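Data block below; observations after.
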């Protein structure tokens, strides 16, 4: 006997998604698109930067995605999604006006309070820019709370650059340093900026290590190399945060799939302090 | 008269792969062949070196449609060879499993494979729109056969509970009571099929050819699981002599072996059983037979479909009787994971049952519980020669019709036999060769 | 403490079967083992069992459970919760299983607030029974889980023709209202005490150190590959030790629908961290690809991770995994003892 | 979200060397089959229909390939279909047909056809169809499980990737609260056999025979140890394995 849908207590996890409507989509390339969703029953998602939502596509499945927009942005929230499998493909096939299910926001992230008065360094690889963008825009909104802000972004090639217009605006600002690099430039593509893997950008940065907080997001292989560079700069390990990805079936610390040793990515993360995870052998490989 | 060239590859709505080839010029039949083009499966060889528990498991895979008959006949052969007896209760449950399969198979044949011919359709699927009630009736009856099989043997295709020495698990009394209720509830459906078919028998081509009918026979019952081989020409014979009864031989147009006994060919299956054992049919079955004017000895192969419907009535009544006997005696409980303690003797064993399509024979020799020699004679093999001779007699009578109609009628003839070619080895195709 | 005659207890159970809207389930002998299954009459109970195959966890956290149902309509999808709130009356739960349920309560109810679990749990009634027989694989005595004074609505102790009944909740005491029960005599109270005092000693197997030491023992031995490999080499990665365990609760969520329907739903079903694909993500990366990683993860989780998070040692020593592991490599007591000896030799 | 406006997918069934039990399982869907044909169009289903067309999207292929003629037909099917699904053990792992692969082929022919075994063309080995053409998906089982067939077809029609179960039968067997064969002096291939059948054979009181083939990474050494501990000789273990695993073990594991 299905239970009555009305008597749920709001704080309890009951797995029923909220309806959300796709109100806009902007396509960057064949595999990356940013989607704007509006919730049926509330105005705001109420997330903090770094948190994620579980997106349920009826008939296909559920998958976690970081919220890519900053909470300081009014109206619909944004998810930037790379097409890699069934759920992501189904979302890519949606048209404006279509609906799907959302649960969340979920997850623990970094406490932005502790960053106040410090330099901020963001290192994003590929689709890793999607979760960081929420934080970057939040920090730019409260720009005067922080000292220097630097974003380093690496992509496979120029066609895979996410949010190109926004990046242009960031690059035009003089209160933020934005460096970009691509691994390679395919024939016929115009590119007059840096070429090389992301770690080639890091040595050139002037960093006030004790007063810098770093947030990194990208594929697992990238972490290792970026960390070597950050160590070279002597950034304290508890000043470094990583956003990690695992398989998730609940988002609420039960299903066990996202477990890294004793930690749950969906609850203790997805944004982790490096000091916390560096001794967990399962975290980075 | 036009020349005729029929080459019907892979006759449809039969189990397995067979071709029909006919060519005629100036009203003269030049060639008329029933070809079996199923890829050889080499079953007899697969048994070699396998132990007595695996042999029936493999045998089942000879044919998806009559797997329970294969298992039952295989088990009889294994048990005879290694010296194992089963209980009366197990025998009755095995009979029920065999009944379930025969119901399933007959309904499949009459309702899904033959019926479309009679109403001029290519398959049963479009009939779901035009004859919804009839199709739903057929489906209900088909499922009932499967339920009989599932309740007793665990699964409808490739049984799991029938094992040497008995059953790994038996149904509960409640399962049997449920089943009995369903059987009792099926009479209306059967009556509906009888009535519907009655309106269509005019569609059956007219044809008769005298032939020999071979089946099992048993003094006390309409023989299905047990009995001895009986011929309408020569009477009762000894099961041990099956090789000299069936006389298997190889013909070039067929990867299945052909057989013959007293004449050039013989007939096995529902019509043979009804012809040979008519008196032992249940009362209801005899009523159905009367409704169609079927009485022994009937030499019209197209009446095989009718004989199957007659048997359906018998199988329902017989199953209800068996369940009553089991329930009256009370089920002897056994472990949910029964595995009889068997010390296999060396020896040879023959197992013969009536499969839906006729007598099915397995013959094994075991040493130390391991199969050293195996032979199988499959019902459809035994009918191939009869189909061939029927075709030879039938084609000249319909030569004035057009090719499409000749083809259709020849296919109907083949289908009437309900051939199960993947057993016999697999296909049906009519080939009209240039004349 | 109360006392009820066995025949009166049977009447009580039969009354529940007859009139309570909830299904009554209990421990029964299925011929080859004991299982919790729906009860047709009290006489079918086998309360002198040693251990059941699956634990009563299956009634609050079913093997397969619909979570959400959706229906396609003109303007999008309608999505409704679809899980059941139905509780059960469960008769014959041993103390270690009661403790396992209390652990799951702390996780599913107190901490993670899983509503499908909570509803079924809160609508249920647990009638416990003290062990009369001890499973040869169990080591509950050494885990401190052979007896318990909480987690039940009623707790029975067999006193030949009577049961001593301890009441654990208001729901429990209400249950007894209609039945002829009397206060236990002093002797009867003593007898129950003697039985429960002796119970922990009845186990032949045990861990050779106090369970409190388990979390730090595992911390120290995370890299003790000699021991982990010894067991993982024989492991079939079949997940048996996961699904059989009363404290395991990992799950997967699948979408299920049928081709011709415009409705469908999600189903959560038990998963196991020993299964090969458990920690694989889209794109092919598998974070615990090697059997030994998965095997170690399970034993770390039982003795360390859950403890760090929720404060419980998540192995209650029932021995089910030992009994049912086909390859005979799952026994936590044996593995923990080996680690203990290799560290304290 | 709006329902994608698909054309009716066209489905065809083909049979090679096998018992046609898998197609019978499709017919055994009973009423569901009638519902099914409202969603998909049956282009070819020889066992049940005389209608035939070479225009189809999804081809379900049952049976093993055993002759050069089979190979030609398979190539044709591959060319016509967008998606080829192997149906049942004979098609996915050569099934029991592979038992004879380890026997001397001359002896095999002799046993069945006496001196006239060469009248009929056949390879000395029975092969799964994946050894002859590219296969997109597999539905193992002898016979297939009806629910699994429906799940795969539903996935294909809805544009989802059908996923094959990759855990051993044991898992399902434990969930069904069966008494393990090894605890009752029997033997069983459940520990290395791909699940998805809901351990139906053990539920019926027997053992798993391995009909769905090996899981992706079976721990065969451990499974053999278990069998030997329960009294089987190495030869007997191999004989048991070769009921269904013959092809996989020679072609996939050993190579």
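Quick notes on this one:
Lettered A, B, C and D in written order, each chain numbered from 1.
Methods note: a contact is a pair of C-beta atoms (placed from the backbone, for glycine too) under 8 Å apart; a residue touches a chain by one contact, two chains touch by 3 or more.
A quick note: this is a predicted structure, and the numbers were derived from the prediction, not measured.
For the criterion of most C-beta pairs in contact, the winning chain pair is B-D. Centroids of subunit C and subunit D (each the mean of its C-alpha atoms) stand 37 Å apart.
Inter-chain spacing, taken between the CA centroids of subunit B and subunit C, is 51 Å.
A straight line joining the Cα centres of subunit A and subunit D is 43 Å long. Subunit A and subunit C have centres, each the mean of its CA atoms, that are 38 Å apart.
In subunit B, 335-337 are the positions where the chain touches two or more neighbouring chains simultaneously. For subunit D, residues that reach two or more other chains under the stated contact definition are 1-2, 158, 179, 184. For subunit A, the set of residues that touch two or more other chains comprises 58-60, 85, 98-100. Taken pairwise by the contact criterion, the protein chains fit none of the simple patterns, being neither a path, a ring, a star nor fully connected. Remark: subunit D residues 15-25, 27-28, 30-31, 33-34, 37, 42, 45-52, 66-67, 69-70, 95-97, 99-100, 103, 107-109, 111-114, 116, 119-120, 122, 142-143, 178-179, 181, 184-186, 200-201, 203-206, 209, 239-240, 243 touch subunit B in the complex.
Residues 30, 32-33, 35, 53-54, 63, 72, 76-77, 233-240, 243-244, 256-260, 262, 270, 272, 275-277, 291, 323-324, 326-327 of subunit C are the ones touching subunit D in the complex.
For subunit A in complex with subunit C, the residues that touch the partner chain are 1-3, 5, 8-9, 11-17, 19, 21, 56, 58-62, 84-85, 98-101, 220, 245-247, 249-250, 252-257, 259-262, 281-282, 285.
Residue ranges on subunit C touching subunit A, taken from their complex, read 66-70, 72, 75-77, 79-86, 107-108, 111-116, 118-119, 222, 249-255, 257, 264, 266, 268, 271, 273, 278-283, 285, 287-288, 293, 297, 300-301, 304-305, 308-309.
Looking at the complex, you find that subunit B touches subunit C at residues 335-337.
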